[in-house]
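Next, two complexes with subunit A in common: one pairs it with subunit B, the other with subunit C.
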Partner chain A sequence: MPNKTFFWFFLPTGLAMILFIGLPIISTGIQSFYAQHDQVVKEVKKCDPFGCTVSIVVDNEETTKIRDAKPLGKFNGFGTYTDRNHLAVDEIKKFWNETESFGAFVDQVTNLPFYKALIFTLTYCLFVTPNVLLLGFIIALSLNAVARKIRGPLIFGTILPMIVTPLVGSLVLFWMIDSQGIIGANIQNLMNDPYLSLKSSKTLTWITIIIYGIWHHSPFAFVVFYAALQTVPQEPIEAAIIDGASRFQRIKHIVLPHIYPVVTFVALISLMDNFRVFEPIIGFSAEGSAQSLSWLIYDNLVNEEVILFGSAAATSMMTIIGIAILLAPVLIRTWKEFKTAR
Partner chain B sequence: MDYGLDTKSTRLKTFNTIFIITWLLIACFPFIWTFWGSFKVRADFFSRSDWWYAISAFNTLVETGGKFTTNAYTEAWTEGEFWKASKNTIIVTVFVVSISLFLGTLGAYALSRSTEKYAFWILMIALIFRAMPHITLVSGYLFPFFELQIWGILPTTIVVLVAINQPFTLWLLYSFFKTVPKELDESALIDGCSYFQAFRHIIMPVMWPGVITAGLFSLMLAYNDFTVTALLLNQENHTMVPKIQSYLGTNQHEGNLMWAVSAVVSATAPLFMLVMFFQRQVISGLTAGAVKG
Partner chain C sequence: MRKILVTLLFLLFGTSAYADCNIKSGSINILANDFPALRTFVETSKQCKGSADFKVTHSSEHNKIAVPALTANPSEFSARIAANSSIVPLMNQDLIRPLDDLVKKYGKGIQDSQLITIDGKVMAVAFMANTQHLYYREDVLKDMGIAVPKTYEEVVAASEKIRASGKMKYPYAAAYKAGWNLAEEFVNMFIGHGGEFFKAGSAQPNINNSKGVATLNMLKKLSELSNPDYLTHDSEAIKVEWESGNVALMTLWASRSGTLLDDEGDAKITAATKLTGPATVGGGNIPAATLWWDGFTLAKNRSDADAEATFRALAHAASNKKMVADAADQAVWLVEGFVPGPKSIGVIEAVKMGAKPYPMLPQMGLMHGALGSEIVEFLQGKESAEQALKDVEAAYISKAKEQGFL
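And then the complex of A and B:
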């Protein structure tokens, strides 16, 4: 296709992506170097028959004036990145000097908001992704073994957790495992502990969200693996059966190598999706004990008093860097393949 | 082809059946349970004292005189203004699907027929864009949108959702158009058609299977979106998913849980129907990127 024709065909979609994905990333980058204005305060002298008191109040008029003049806020350089709510450089230095043992230092650092969120996000990715691959593969194998006639409805039932939005999916589960829900109430009765609930324990909350993640993402892995299983050639499997290979050996030496490229694809997609975990935290109302990077950004953006654009943007930029690190191996590999293909 | 070589032992078959039944229970029971509970009163569905209330409908009987009640639905749809939210969802979904298919088919067709290097790079950039967490993009939108005073209205959200949706649509339709033989449109070009005429008369009639799949995924994205709609729309224009979240209540105001339950059922039911009808397309779409390469 000639370049000119290509240009006109691609213009609308390219424009949409540049304007609403490319530019926002740049806008986020710029915003991250600015911080909201401080409120202008003035001293007010109040005198009554008993004497004068000086109090400090917010000068709303002046504050609005400054905000209107420079809506982006004041230039802060890398200040937002290094403050307590983000990389917390000073705090970490202080902890390093003050704490005696390394364990205490790690403890202190993981209590800082950004590191707390980073650790939750990574833990979530680390536990959900492999389990999704495993469970999806097992379901695919086992559905592949049932009679073709009843597979349709079974597949429909299997993909339900995936097609609902994460907020709805997590709510539906939360209403069951909450202390007033069917599972939660029964566990309380079984354990004979009326205070046992999701919200009371950080570990329980984390486990619940991770289980939710596996529940929500496994169907995707299942669908892809199931489709890949249909393309596995039959001849080598039959040869293996005649040679006396066990079922497990057949899966390990024939099926798995055949669907290996698909496994990397599923792992990549679910890693990308898991890294942005955010809605389940709202669905499970788990803000208290589990925060993710995306949730931090959301929290800054729905701030009641003044939206913390700068802070949200700084977290966003670091999230994007995280995504870039995750994607780097794939991109490098594709680039190498592309170069050798030419 | 099965020659009966791969015989399974009965033990394995039983184990397999048990596993599938267990998994289906885990996958589907939460939805069935929520559907069942949406016809009860709050004291039954969220009962601390006795979970059996949810089955026996003790409080529902006391409060409404029947074992099932549709109060939660009527209240959420009228008082809770869920009708408005569903109207907004329909508007957003219809526009997002039609616009993204229009843009996507043109772009993906061009990508699939281009032999230049930049087509590869565009696809790679689209992949990177696909990986961007939506919330990071929203943090980029909010400030400019406030300044331009286009925050809170439906058209802005529609355009944003279309753009966010483009990378995936492009990839999906790209791999679909690759399966349409090049010779089809090339012969039309030789006969003197322009590229656009070839697209209009040769490609359009055969592209519907791919377009339906891509449309379904755009629909699911627009219908299910929370991040963008919750932050870019004002209270008046909220679509269904942010509306459900607002029923949950915050520290400042108490929500109405039963409204949320009935709203969840109302929002999920159409989606399930749709997937039931188009199951084949959904599955082929999910596997398009993976199996075809």
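And then the complex of A and C:
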């Protein structure tokens, strides 16, 4: 495609991307450097049906004046980024100096909300992404091998987890693992421990969410791989069969190299999706045991009665940076291949 | 305190007529939480809408919508049914309007005790009171020869006895869902121990002390007597536990008693479900519970005509003797003419025992939020009470700094 044609072709998408993705990210970035103005409070008498007390309220007149003068808030630089609820720079320094062993240090650091969330998010990514790729590939291979007649219904059944809304899917599993649900009660019987609960143990909650993640994301990998498999040329495969190559050898030496770019693509998309894990935490009511970066943003925006825009913006920016770091190796590699191909 | 007792216990015969319902124009859009009493209240106000446009959103997620929706100009909602805690963010952001003129003009049937005044201005009109108190299974306690518990220590002892008998595996229940609910249980228990959340006259936290530790230890004891999934159980989930007969003692909102005692579900359990006041804790004499009011507020960013129409419709309900007579089971109404029935025992006992209202402080929401996530690990046995309280204070301080309270 000539560059000029490409430009016109891409323009509408590009504009939409700048408008709906680029600008909001810039605005979020700016917001993350600001904190609220110092609150002006005053003591007043408050009366309700239970009696009167003297306590403080925010002085709205004064606050409005300050806010009108500087609507963005108080400039805070990287203050929000480095505070205890985010990167916790001071706290980490303190822990490093105070703790005796490295283990104790790690314990202290992982007790901080941002690192707690980061660890869950990374664990989720590291377990879900490879398993999704593997499972998706295996399903695609198996379905590619079954008779054409039953392939349609089988494909439909396989992509069902992706069709089911994430929240509904997680809720169904959530009820099944309830201590009185079908899975939860059976595990209790099996382990002979009436106080065992999949929902109250942190490890078990993590495992549940990870299994759910694999279940939910595999169909996506499967669909893409299945489509890619249709493009594998038959001649080299037939030649390999004649040469006596086993099924495993054929897949390793012919099929995989052929669909390799697609594998990269699925890996990228899965990594991005998994890094933003959010719905299962809500669906499983797992806030207590598992928090992800996305959940922290949500928590800052809606769980408090006071909305913390600065905190949410800072976490958002760090999530974007996190995704960029995760994707960097794959992107660099693709770029290099692209260069050599030309 | 006297004032509310008088309102609650005696039926006052007044001559005041219902609010005038001759609304000609304007549009009314109400945001409210979702439980039966509020539905009744909003329905009653709808009867008076006249030719105004009437819309309502009942949502248990009301807290998440309220501030953004009322910040818009014109605001999405003309009225928000709020409570002690949820009026605070609206006040902090200056999103609601004073109601003095409207009360004077259209609030004939509204009693003075219903008015929430802040700095001399009426900011909300309350219509019902709420609290969390004890529910017990009369049959189970009688069988085991246990007296109705008055303190949380007795609740623990009774639950242990029931568990030891093999009758129930998880005899106690309370809404311990991580987040808002769990934090609310902490607030109750901490107040029961005589705690103050902030150092006098400042926004500095004051929970990392012996009272905080005692509070956490009591919560932990109770959680061990609850269904192991307690960290995922909200009020609705423990109501279901109760109705399936798995629980003998429970701390739950008074406003939920109606659905527990209705005809749905096992008649035997319903018949044995009894209400009593909130328990005290740690030898204290005020109950480990907070008093709540529910009332209506009007959005500031909405035309005066809409505010007037909305006020007239809501005032009709907030002074409606027929509503409180018909729906006496659903809530403890603060409206004139309410005769407290057996389902109101919890709130009335709480008031008699001198329960404190939920603290209406601008920075309380941040403390509540920090509590909801930071004490979970203590309950899971992953850290000490002192460490958990230290974490709460640290999380709160960071947030309060960002919000400009510290």
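FYI, the second predicted complex is superposed on the first by the 269 of 342 C-alpha atoms of A that agree within 3 Å, B and C clash if a C-alpha of one lies under 4 Å from a C-alpha of the other, contacts with A are read in each partner's own complex, and residues count from 1 in each chain.
The definition used in the following text is that a contact is a pair of C-beta atoms (placed from the backbone, for glycine too) under 8 Å apart; a residue touches a chain by one contact, two chains touch by 3 or more.
Everything numeric here is computed off the predicted structure, so don't read it as measured data.
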Which of subunit B and subunit C A:74 touches, first, second, both or neither: second
Contacts of A:307 with subunit B and subunit C, given as first, second, both or neither: both
Contact breadth on subunit A, by residue count: subunit C or subunit B: B
A:178 touches, of subunit B and subunit C: first, second, both or neither? both
Touched partner set for A:299, first subunit B, second subunit C, both or neither: second
Contacts of A:327 with subunit B and subunit C, given as first, second, both or neither: first
A:44 touches, of subunit B and subunit C: first, second, both or neither? second
Contacts of A:228 with subunit B and subunit C, given as first, second, both or neither: first
Contacts of A:155 with subunit B and subunit C, given as first, second, both or neither: first
Touching partner for A:241 - first (subunit B), second (subunit C), both, neither: first
Intersection of the subunit A residues that touch subunit B with those that touch subunit C: 178-179, 285, 302, 307
Residues on subunit B engaged by subunit A in the complex (per definition of touch): 1-3, 5-6, 8, 12-13, 16-17, 19-20, 23-24, 26-28, 30-31, 33-34, 37, 45-48, 50-51, 54, 102-104, 106-107, 109-111, 113-116, 119-120, 122, 124, 126-144, 146-147, 159-160, 162-164, 166-167, 170, 195-196, 199, 220, 223-227, 231, 241, 244-245, 248, 260-261, 264, 267-268, 271-272, 275-276, 279, 282-284, 286-287, 289-291, 293
In the complex, subunit A residues that touch subunit C: 35-39, 41-42, 44-51, 55-58, 60, 63-64, 74, 76, 80, 83-85, 91, 111, 113, 174, 178-179, 194-197, 199-202, 284-289, 291, 299, 302-308, 310-311
Contact set on subunit C toward subunit A in their complex: 1, 3-4, 7, 63-64, 67-68, 84-86, 88-89, 91-92, 94, 113-120, 126, 129, 169, 177-180, 182, 227-232, 291, 293, 334, 351, 357, 359-363, 365-366, 368-369, 372-373, 376-377, 380, 382-383, 387, 391, 394-395, 397-399, 401-405
Residue ranges of subunit A touching subunit B (in the complex, touch as defined): 1, 3, 5-6, 9-10, 12-14, 16-17, 19-28, 31, 71-72, 138-139, 142-143, 145-146, 152, 154-161, 163-168, 171-173, 175-176, 178-182, 185-186, 215, 219-220, 223-224, 226-228, 231, 234, 237-238, 241-242, 247, 261-262, 265-266, 272, 275-276, 278-279, 282, 285, 293-294, 297-298, 300-302, 307, 309, 312-313, 315-317, 319-320, 323, 326-327, 331, 334, 338
